[in-house]
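Here the structure is laid out as structure tokens; the discussion comes afterwards.
Labels run A, B and C following the written order; every chain starts at residue 1.
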Amino acid sequence: MQVFTFERGENMLSLHEYESRIDRPVMMKIPEFNRENRLKHILFSSQMDKMMIDMLCRTALKIKHISSTKPGSDYLLSLLSHKRAMLYFTQVSTRTFMSFMAASQILGIKCNEIRDQNLSSEFKGESPLDSIRMFSSYFDVIIMRSKTPNFAEACAYLMNDLDQFNQRSVPIINAGAGADEHPTQALLDIFTLQRTFGFTSKKDSSKWNYYRELKKNHPDLTKGLNDKVYGFCGDLRRGRTVRSLVNLLSLYENISVAFISPDSEDFRFPEEEIKRLEHRGVTVYEYFSLDEAIDKVDMLYMTRIQKEYDKPDQSKNYDELIGEFILTPERAERLKTYCPILHPFPRNEEIPFEIDSNPRAMYFRQARNGMWVRAALIAHLFDVESQIANYYQDKFSEYHNYNMEAI
Amino acid sequence: MQVFTFERGENMLSLHEYESRIDRPVMMKIPEFNRENRLKHILFSSQMDKMMIDMLCRTALKIKHISSTKPGSDYLLSLLSHKRAMLYFTQVSTRTFMSFMAASQILGIKCNEIRDQNLSSEFKGESPLDSIRMFSSYFDVIIMRSKTPNFAEACAYLMNDLDQFNQRSVPIINAGAGADEHPTQALLDIFTLQRTFGFTSKKDSSKWNYYRELKKNHPDLTKGLNDKVYGFCGDLRRGRTVRSLVNLLSLYENISVAFISPDSEDFRFPEEEIKRLEHRGVTVYEYFSLDEAIDKVDMLYMTRIQKEYDKPDQSKNYDELIGEFILTPERAERLKTYCPILHPFPRNEEIPFEIDSNPRAMYFRQARNGMWVRAALIAHLFDVESQIANYYQDKFSEYHNYNMEAI
Amino acid sequence: MQVFTFERGENMLSLHEYESRIDRPVMMKIPEFNRENRLKHILFSSQMDKMMIDMLCRTALKIKHISSTKPGSDYLLSLLSHKRAMLYFTQVSTRTFMSFMAASQILGIKCNEIRDQNLSSEFKGESPLDSIRMFSSYFDVIIMRSKTPNFAEACAYLMNDLDQFNQRSVPIINAGAGADEHPTQALLDIFTLQRTFGFTSKKDSSKWNYYRELKKNHPDLTKGLNDKVYGFCGDLRRGRTVRSLVNLLSLYENISVAFISPDSEDFRFPEEEIKRLEHRGVTVYEYFSLDEAIDKVDMLYMTRIQKEYDKPDQSKNYDELIGEFILTPERAERLKTYCPILHPFPRNEEIPFEIDSNPRAMYFRQARNGMWVRAALIAHLFDVESQIANYYQDKFSEYHNYNMEAI
């Protein structure tokens, strides 16, 4: 029984001090959120290096395979059966919420939630950090999406301070708050690309092989994420997911990025960020219509042009404008055979329903991949990855060796 | 790992095409929702024939008995521990919602929910089928109640199409949407009647027997649902549950139905449906006061006369009108001894509280039966009925043989 | 199969009759909610005598220790895995709600909830007792917080009546409804005091001992809750938690209570209740500023002065008034070394953040203790305390003997 663990005079840092910590450049903060090559909290995509990403994706794939059998599912359920999660989504996002719920449930975690925006009014007058500390009293991980910028980060500092004073402290996961980063979305995109660019097929055999088949028309095609042209289309100024994904892609070799958007500051990818990418060795192209770029990309990442951001004086020719950035079936036919179509969803008219049956459409699989990747992240936070790897080795390695290779 | 499973040119059917499929007569659709004598989705009561109904009711009763012990409960919990359900109730219905939650939990299913009508606004601009397909990415069954007519049916078509193209597809359960059918309600009513018309009692012994006792005053009384007069009282025009139940009852032999309602097109059971029933061999009586019919029925199914539907000019004598269709204690005394009183709930004044202590009142048990029947339906969808039957055979058959006979 | 268990003529008691039962003095009601030294429902703090309190606190501490290991957690999860709870919180209270959720989840109970106040509108026109009876059809315990005074109590009567007529009946837990009592809060406060006044420390050894160290400056200090001065500060008129806790404290020996509040009928502890306390042997002091009392108390229980209750004409000097009752760091330094600071939370300005790092601050631990105490109460209701005690004896007794002694 610990009664008095705080030493007098050691003041816990105040919310105000968090602000000065928040204002630092991201790279200075990372050591506080990582620990011995492990993630302690999940806040920024730049917390993950290539090795970490590969490891998380391998775990995600193992979880996917293991959960395909009943005994495998039950094994996963047993891993974190003793943990309870709080999903604190005061900014509504049903997709991300459901994905995290499912990911937690796969590992046996008991879920608790606040999704009702009205409930937050209850906390009026109370410090939001008090609410978070309350959650940390009852639950073992806090997955959060808030409207308050940097709130997840401030919560992570609070937890670190508590940890330092030997008080109860739990991991914080940023589920894409406000204009902040959306690190788990970027990771699921990478996972989807890894699986796609493995170029394997169910029909692969010693006689016929999907990758060799593709090489006939694309002799320079390599497996994996290196040596590719990544196309991003739509509203690239506000697309949080685009920025997070491009950041992770820049970790790979010989990468080009094609930004496809209306020729306006309102939609183009920010110039200072383009410079930063180029500085890291990424080749950047800009296109102002989809037609120009469509046959050049190895991946096409579509995003919504959100009407709510449009300036009123532009609304006249809005439909015409947006028409240039819709993936019509005709345009889709001009994509390379193997080029995956991704979309963070929800979609508007930029991807018509007819495209759903196009073999390049990866966006629904991408969503499901989010569940596996988030389960892998949670498994990582609670340090049960090696248990998953061992179970996989025991029960699945023979059967799935081939597919794991693909990554 | 499946990368490109769709073949080019095979377009997935559009929402518009679903509409033309929806417009077909029910009997034409059923083959798409059933498969080899099993239900694939649960949409209409007419998907179930008598054999199917009997099988589901037997499973429901086994689940009820098995869950009465701790090891039995734990066995049931293990059956579908690896499954996750989405309860998508954009039309609020707490009773049905809770019943499905409990049914899922009995079988170990992890539940996820959307009950907040405001959350649906989030999906504005998105195709509702995209939302459903998102759910099907994360969850293994979708239990839904929507205000949009036929939406559950459209979702089932979407799932069938995905299945056909080797895409992930999950079963859809219609939990009573809008003016659509409410198939699980009808089934729980049948289950309640089966249990009631088994005419067994805890006090049954070799010397005294409840059924033999009843036969003294009712020499023609048979066990089971055949040869009975089924009374329905209240607002029969809009009562979705009445229509679904009558449909199922018409599968039994020598059935009469007594419709008891105000003498007005606004409340009477629709004439074309009466004709259809008679065509199927059901004898139909109509009564315009409860007093006339009260001593003739073997079951009395009460329903609410919903004030919100009343025409303003009728409101003057509304109380007088409704008074004729209230089950007062005096009227209840005139019912046959064994006549069960059912009600789909919630109730208004049509069943006063005093009736709750009347031994004929079955409406609370009826609600609880809904949980067992829904668990049986879910067990059926996931094909674990035979596991339940085997466990029952092993652990319960001796003890409960007598009671199972009752059905 | 029970078909007709009600005997004719035995009317179940009506809601109106509940009202006359509710109006009786508490002590007359207790026999209806307790049974053979066990709690049947949890409604009032006065249902628990000192022996019961000690037993519940011992169970809470065992649950805390057992859940600190993975096998222990899994054992606890197995205990009530077959039970389903309804958390019916039509009066929003996220803290208490989350605490009960976590407590239920620790024991493996599957949780269901109604938290949305709008959902209750659905039940308009329906008797609230019908809603409760519906819940009791699907779930095994109802944990409730309602705005309707005495509603939890009425529900407990309903359940008792059902039980008497051999109908399904489940335990009711009052989670602090309206102006009613908040029995589980009082119990967690006692648990926190027991742990604090055990005066043990991690650093205790044969050479140095925290309690002996304290005795140097406080030679009369005894272990346990007897012989202490309990300070309560803030708005004592409306503080439901203060009243419940003082009631329980009066069970201990040689107790003094110091009420510290503004000198106004609006804030002072009610005079008739002071008389009742004195009648039970409690010495009562009143102070009208925190400064006067600060160095005299062995515990300081802070509460919010809720602005929403203030009379408009007082609002002028409100800040000045409240300033007298804020626990500034300077004041906190004047508290006895071992004096725990408690608060039922949420807090406003009465405890500044700087105090969080003060070793006397117990309010976050107090919140977490609520989870263990509520788990103990639920374990008690379902009669699995002895299983917990046996498991503890087997696996933990050697290791933790020392700490258990502390209570």
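What we mean here is this: a contact is a pair of C-beta atoms (placed from the backbone, for glycine too) under 8 Å apart; a residue touches a chain by one contact, two chains touch by 3 or more.
Predicted, not measured: the structure shown is a model, and the values here were computed from it.
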### Message
Please tell me whether the contact surfaces of chain A and chain C are same or different in residue numbering, using the over-half criterion.
### Response
different
### Message
Give me the superposition rotation angle from chain A to chain B, based on Cα atoms, as a multiple of 5 degrees.
### Response
120
### Query
When the centre of a chain is set as the mean of its C-alpha atoms, what distance in Å lies between chain A and chain C?
42
### Summary
Among all residues of chain A, those touching at least two other chains are 116
### Task
Quick one: which bits of chain C touch chain A in the complex? Just the residue numbers, please.
67, 70, 73-74, 77, 92-95, 98-99, 101-102, 105, 115-116, 195-196, 198-202, 210, 345-348, 353-354, 356-361, 364, 367-368, 371, 403, 406
## Note on the structure
In the complex, the residues of chain B that touch chain A are 1-8, 10-12, 14-15, 78, 81-82, 84, 86, 110, 112, 114, 116, 119, 122-123, 125-127, 130-131, 133-135, 137-139, 165, 167-168
